[in-house]
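I have placed the structure first, in the form of C-alpha cells, so that the comments after it can refer back to it.
Just so it is clear, A, B, C, D and E label the chains in written order, and each chain counts residues from 1 on its own.
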C-alpha cells in the first residue's frame, strides 16, 4: 500500500469536504438573495461578503452550547457527528475524473454510497429522539418517514443505472457511459435527484424542520458548534447528492477534452445541480408531510419501476 | 469468474406452488381493487380454485411418473420433484382446500348489524371494543385477507418438503411461518388471547428459525455448498473438489455436527416435538380455531416433509449421530405429550398436547430410516391432518354466549344434546387414540411397523404404551360428552353452513376410509417413499 | 484474515442474541436479540463464502435473502407486538400469562388478569 | 482478497479522519465557548413558553406503517443490484428480464395493495 | 346334517357376522311402516333385536349342521381376502372345531339376551331408550362372533376391541347401582391396558414372523421366531388375554362390572367375553409360540389354581356374610375360569379340550345363573343374600317352587355335578394336569391338581350354601307373599340353556369330538 498516495487522497477529500459546502452555502446566500431582490451578505471579508460563512463559523464556535435537562446526553452529543461523517465517507468514492481520479474505487460503489447516505439521515433522527423535546421528536419522526419513503426511489433509480452499465462500481459506470444514456435515464435522473433532495430535507421537502410548525425539528435544541455541524452536513449533503447525480446520470467527467479537463466537467455539472437545489428552495413552497409521502409512493416509486423496466427492455434489445 | 448459468426453470414441475402463489397475488389484488362486498366471494372462489388446481397439478405430475421413475430435481437444484414431495404437496393442497372452507364459514357467529360474519376480527388492527372496531363492524367489514395469507402459507408449505437446498428450505420456512403468525392474531372473540398467542408463536418461531439459520450457515461452512446433494457428498466423504488450503475448514466435523443439530432443532420446533414444543399449547389455544386446525394439520405435514428430506438425503451419513438423539426426542414427545394432556381442561389445549404426542409417533417412523419409514410417515401425516382438521372444525361449532366454549367442563353432556356431532367428535378422538378401523390406527400401525422392522422395538413399546395413556384422555372426553349430565347453561351446537359441514363430513369419511380400506393410500405412500438425490 | 475471527465473533454475537431472548422481558428487546442472532448468521455466511472462495457465492446470496426475510420478520413481529402493546400498555413477555397451563379448574380461562384498561372486560363485549 | 480489504481500509481511514475532525471541532468548541448553564437555558424549548407534557410523546402508528413499507421494499430492492450487473450477460437475456419483472410485479402488487388500503393517505 | 357347498358356508358365516352390524345401524333408524307393531317404536326396536339375533342364531345353527364333523380340525367356511396387503393383513375368516361351539353359544346367548330384553325392557333411572340398547347389543354380537371367527391377528385384535365399547356402554348406561360408571371405567381401563400389551405381542409376532395369518403361524409352530421373541410374545399376549379371562390377580374388574351390569350385560360378559380370553390363549399363544408357552405355562397354571381357590374362598365369605349374589357369581367365574386356564396351561389335548369344554359349559351355566339372579331381583328387588335370606333363608322352594328349583339346578350344574355340563370340563382339565405336556414340570402340575381338587370342594361348599340360604328355609306362615313363579317367556329363555347343560353333561362327546381334532392340530407333537 502506498501510504503517501493514500494520505494525499484522504487529505484531498477532507479539503473538498470542507471547502465545497462552504461554497454552496455562500452561493445559496447570494443567489437566493438576488432571486428575491436582495443583495445578501456584503460585509464579511469585503468583496460581496465572501467570508460570511467563515464568520458564521467563528461565531458558532464561540456560542454557548446547552444540552437540555431531559436529554439523553451522550446520544445528543453524538448526533452531529453521525450526521456529518457519512458524507465525508461518501465523497471518497465519487470519481472526479478518468483514470483513477477518485479517492478510492469501491467495488460495489453504488451500494456503498447509498448505504452511507442513509446513515447520514440517521443523525437527524437520533438528534430528534435524544432531545427529549416533542417538536424535536416529531421532526425526527418526519425525517425518518421521509428517509424511508425516498430511499426506495433512490435505490431503484440507481439500480437502473447499474443495469445499464452492468456494474456497481462508480468509475465502472462512467467508463461505460454513452451520451445517449442521458435521455435514456432521464426519468431515473429526475427520480434520483428529487429523492436525494428529499433525503436532505431540502425545500420543498423540508417539512421535518419546518420552522413555522415545529420550530426547527430535530435541531431545535441544538446550538453553537453542534448546530453548525448539522448545517455543514446539510450543505455537504447537497454537494454529495449533486455529485452523485452528475456521475450517475449526467456522465460525470465525460465531455469535450475529458482526458485533461474531466475533473472540471464533474465539478461543473455538480455546481449546476447545486444551483438547481438552491433554485428549488426559492421556487417551490413547502410540501406538507402527507404530500411528501404521497409523492414518494405514488409518483416516484412507480416512475422508478417504470424506468427499470424501460432500461431492462432497451438493454436486452440492444445487447 | 462468471460461471453463473442462466436459470432454467421446469415450470411444469413447479406448477403446484406457482399456482398457489399466483392465486395469493391475485388475492392481494382482489383485496385492493374489488368492492368490499364482493371480496369475500372472489377470495373464496380464487382460493378454492387455486388449491384445487394445484392439487390437480400434483396429481398430474404424479400420474406422469414424477413421483416414481421420473423424479427429478427442478429449478437449478433448488427443488425436488419426487415421491415424498408430491405426496405431501397433494396432502397440503387438500388440507388447504378444506381449511378454506373452514375459514369461509360465516354462520357460526351471530349476525352483526344484519350481516353474517366469520371468526376473524373485523378490524384486526383496532383496539378490541374500541370505536374503530365498532365502526368497522357496523360497516360490515371483514378481514378477507385471511385467504391470501392462507394461500401464501400453503405456498410456503408446498415448497418446504420439496426444498432441495438450504436456501429454499429457509425461505420456505419463513414464507409459511409469517402468514401463520399473522393469522394467529386475528380472532374475532378473545382477541387478547389471540394476540398473545401470536406474540408467543412469533417470538419463539423467530428464535427457532434463527437457530435453523445458524445451522444452515455452519453446514454451508462445512460443505461449501448449500445444495443437499453437495452436502451429502461431503458428509459421506466424497467431496467434489476441496481446495487443499481449505481442507481444515471444509469437512470439519464440528461444523457438521453443530450445524446439523441446530438445523434439526429448528425443524423439530416447527413439528412441535418435545423439548421444542413450548409454543404449541398456547398457540393452539389462542389462535382462531379454523387457523389452529389449518396450522396443526398443515404445518406438521410440511415440517415433517422437510425433516425427512434433510435426514434422509443430507445427513444419512450422520445417522449414527442423530439417531440416538431422535430416539430421545421421540420418546419424550410421545410420553410427554400424552402425560401432560391428561391434566388439560381445555379442548384446544388438549388437542395441542395430543399433537405433541403425535409428533412423537410420527418421529418413530422417521427414525426407522427405511423406505417403509418414509411411506409410513407420509401415510400418517395424511391421516392425521384430516382428523385434526375435523376435530378443530367440531370445536368451532360448540359455542356459548362468549364464543367457542372450549373448556372441557362445558362439553359435558354434549352427546345428549347433539348426538351426531358428539359422535363425529368421538370418532376423531378415537382416531387420535389409534382405535382400530380409524385412520389413526392405520397410521400408527404403519409407523410402528416400520420402526419395529428397522429394529427400534423399544420405540414401539414406548409408543404403544404412550398411545394407551393417550387413549385415556381421549376416552375421558368421550365419556364426558356422553355420560355427564348436560349443564343448564352449557353451550349449544351451532348449525353450520354447508362449508363446515363439508369439512367435518369429509374428515370423518377420510378417517373411516383410511381406517377400513387403507390399502390404496398405503400403496400411494409406498410408491412415494423414495427421495430423489 | 483467518476464518477464526469472524467465526468466533459471529458465535459470540449469536450467544449474546440467545442470551437476550432468554433473559429479556420486553418483546421488542427480544425481537432485537433475534435480529442479532440473524446478524451473526449473516456474518458467518459471508465469512464462509469469502473463505471458501465459493464461485457461485451461495453464502452471500443467502445473506441477501436473510436480510430480506429478517426485515419481513421484524415487520410482522413488530406489528403483532405493537398490537399487544396498544391493548395492554406493556410489551413485557412474561406478563403474557393468559395462555398457560393452570392448576385450577376455573371454567373460563379466557379472561386474563384484569388489566388497568379493563381489557378483559372489553373483549367479551365485542359481539 | 487483499484488494478487497484495501479499498475498505482507505474508506475506514477516511471515516476515522472524519471522526477525528468532529472530535477536534468539539474539543475546540469546548475551549472557545463559555458555559453558564441556568435552569431556563436547560429547559426544553417550546417557542419560549413553558413546556407542556412529556418530551417523549406518543406518536402516530402511521409512522410504523411507513417504516414497514420501507423495510419491505428497500430490502427487496437489494436483489435488484446483483441482478442488474448480470442480467444482460450472454445466455441470460429476455428470460431473466421477465423473471425480474415478475419480482417487480410482486413489489408493485404490494404497493398497490398498500395504496388501495389507504395506507398512503394521511388522515 | 345338512350339506352345503363351501361357498354357501362361507356366505353363511359372513352373513352371520355382517347381519348384526347392519342390524345395529338399522336399529338406529326409525322402523319402516310395514314393521311397526302395536307397542310403539320401543317395542319395534326390541323386536328388531330379537329378529336379528334369532336370524343369526339360525345361521350359526345351520352352519353347525353344515359343518363337516369328519374334518372338524380343518377350517371350514373359509374366506381369505387381502385387506391391507402392504402389511400382510388379510380378511381371513373361518370356523373349525374350536370356534364353532363358541360361535353357536354366542349366538344363542345373545338371542336369549335379546329375547329377555324384549320381555323385560331395560329400564332404570337415566337410561336412554331401547334403540341404543339394541344397537349396542348387536354391535356387541358382531364383535363377539368376529372374535371367534377371524383367523388374522390384526382382525382378532380388532374384534376383541370392538366388544369393549358396547359392553362399556351397557354397564355404564343400563347398569344399576351408583358404582356403575366407576365399574365401567374400571372394566375399560383393565381391558384397554391388557389389549395394549396384547397388541404389542401381536405386532411382535406378526412383524417377526412376517405374517399375521393365524393358520400359517400355527402351522409354523413358532419355527420362525426366536425363543426370546416367543417368550416376550406369550407374555404380552397372555397378559392381555389374562385380563379378559380373567386370571387372578388381574380379575378385580370383574366383580365390580358384574355387580353393576344389567342382566343382559352380565350374561354376555360372563358367558362370552370371558371365553374370548381363553380362546385367544388356545388359538394364538399355544400354537404360535409354543416354546414361549412352555416357559410360561407353569406360571399360568399356578395363577389359575390360585384363582380357583381364591374365587371359591371369596364366594364362601360372600355367602356367609351376606353379599351380593351377582358379585358371588362373578367370583365363582374367576374360579371356573381358573379351571379353563389350568387346562390351557397343561398344554395337553385333554387339558385344552377340557378348557374349551369348561368354557362352553361355563357360558351356558353362568348365563343361566345371571338370568335367574336378574329374575330374582325383579321379583324381590334385591340380590343381596343377606337381605334376601335373613337368618333363616329365602325359602324360594316354598315361595316359587319352579323358580327355586331352577336356581338350585343351575347351582349344582355350576359346582360340576357329574352328568351336567360343568363336570367334564373340570375333569378333563385336571386330567391334563395329571399328565402335563412334555417339558412341563410334573410335580408342579400335581400340586396344581391337588389345589384345584381342593377348589372343587370349596366350590361345591359355597354353591350348596347358596342353595341352602336362597332356596331353602321355612316358609313363613303367610308372612311373606308367594313370589310369581316362572312366566312363559322365562321358560323360553331358560329352557335352551337347561337343555344344553344337560345334553353336554350326558353326551360330552358331541363337543369333545368337535374340538379334539382341532386341538390336535394346534398341538402337533403332543400325544396325550
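The definition used in the following text is that a contact is a pair of C-beta atoms (placed from the backbone, for glycine too) under 8 Å apart; a residue touches a chain by one contact, two chains touch by 3 or more.
Source: prediction; values computed, not measured.
Shared contact partners of chain C and chain E, listed by label, are B. Common neighbours of chain B and chain D, by the contact definition above: C. A comparison of the A-D and B-E interfaces places the larger number of contacting C-beta pairs at A-D. Using the mean of the Cα atoms as each chain's centre, the chain most removed from chain A is E. With centres taken as mean Cα positions, chain B sits 51 Å from chain A.
Inter-chain spacing, taken between the CA centroids of chain B and chain C, is 22 Å. Rounded to whole angstrom, the centroid-to-centroid distance between chain D and chain E, based on C-alpha atoms, equals 83 Å.
Chain E has its Cα centroid 96 Å from the Cα centroid of chain A.
With touch defined as above, residues shared between interfaces to two or more other chains in chain D number as follows: 4, 71, 86, 89, 93, 115. Inter-chain contacts, as defined above, occur between A-D, B-C, B-D, B-E, C-D.
Partner chain E is touched in their complex by these residues of chain B: 435-437, 442, 445-446, 448-449, 452-453, 457, 460-461, 464-465, 467-468, 471-472, 475, 479, 482-483, 517-519, 522-523, 526.
Across the interface of their complex, chain B is touched by residues 3, 7, 10, 14, 17, 21, 27, 30-31, 34, 37-38, 40-41, 44-45, 47-49, 51-56, 58-59, 61-62, 65-66, 69, 72-73, 76-77, 79-81, 83-84, 86-88, 93, 96, 98-102, 105, 107-110, 112, 119-120, 122-127 of chain C. On the chain A side of its complex with chain D, the touching residues are 1, 6, 9-10, 13-14, 61-70, 77, 80-81, 84-85, 88-89, 91-93, 103-108, 110-112, 129, 131-135, 137-138, 141, 144-145, 147-149, 151-152, 155-156, 159, 162-163, 166-168, 215, 220-221, 224-226, 229, 288-290, 293-294, 297-298, 301-302, 305, 308-309, 312-313, 315-316, 319.
By the touch rule above, chain C contacts chain D in their complex via residues 1, 50, 61, 64, 67-68, 71-72, 74-75, 78-79, 82, 86. Every residue of chain D that touches chain C in the complex is listed here, in rising order: 1, 4-5, 61, 64, 68, 71-72, 75-76, 78-79, 82.
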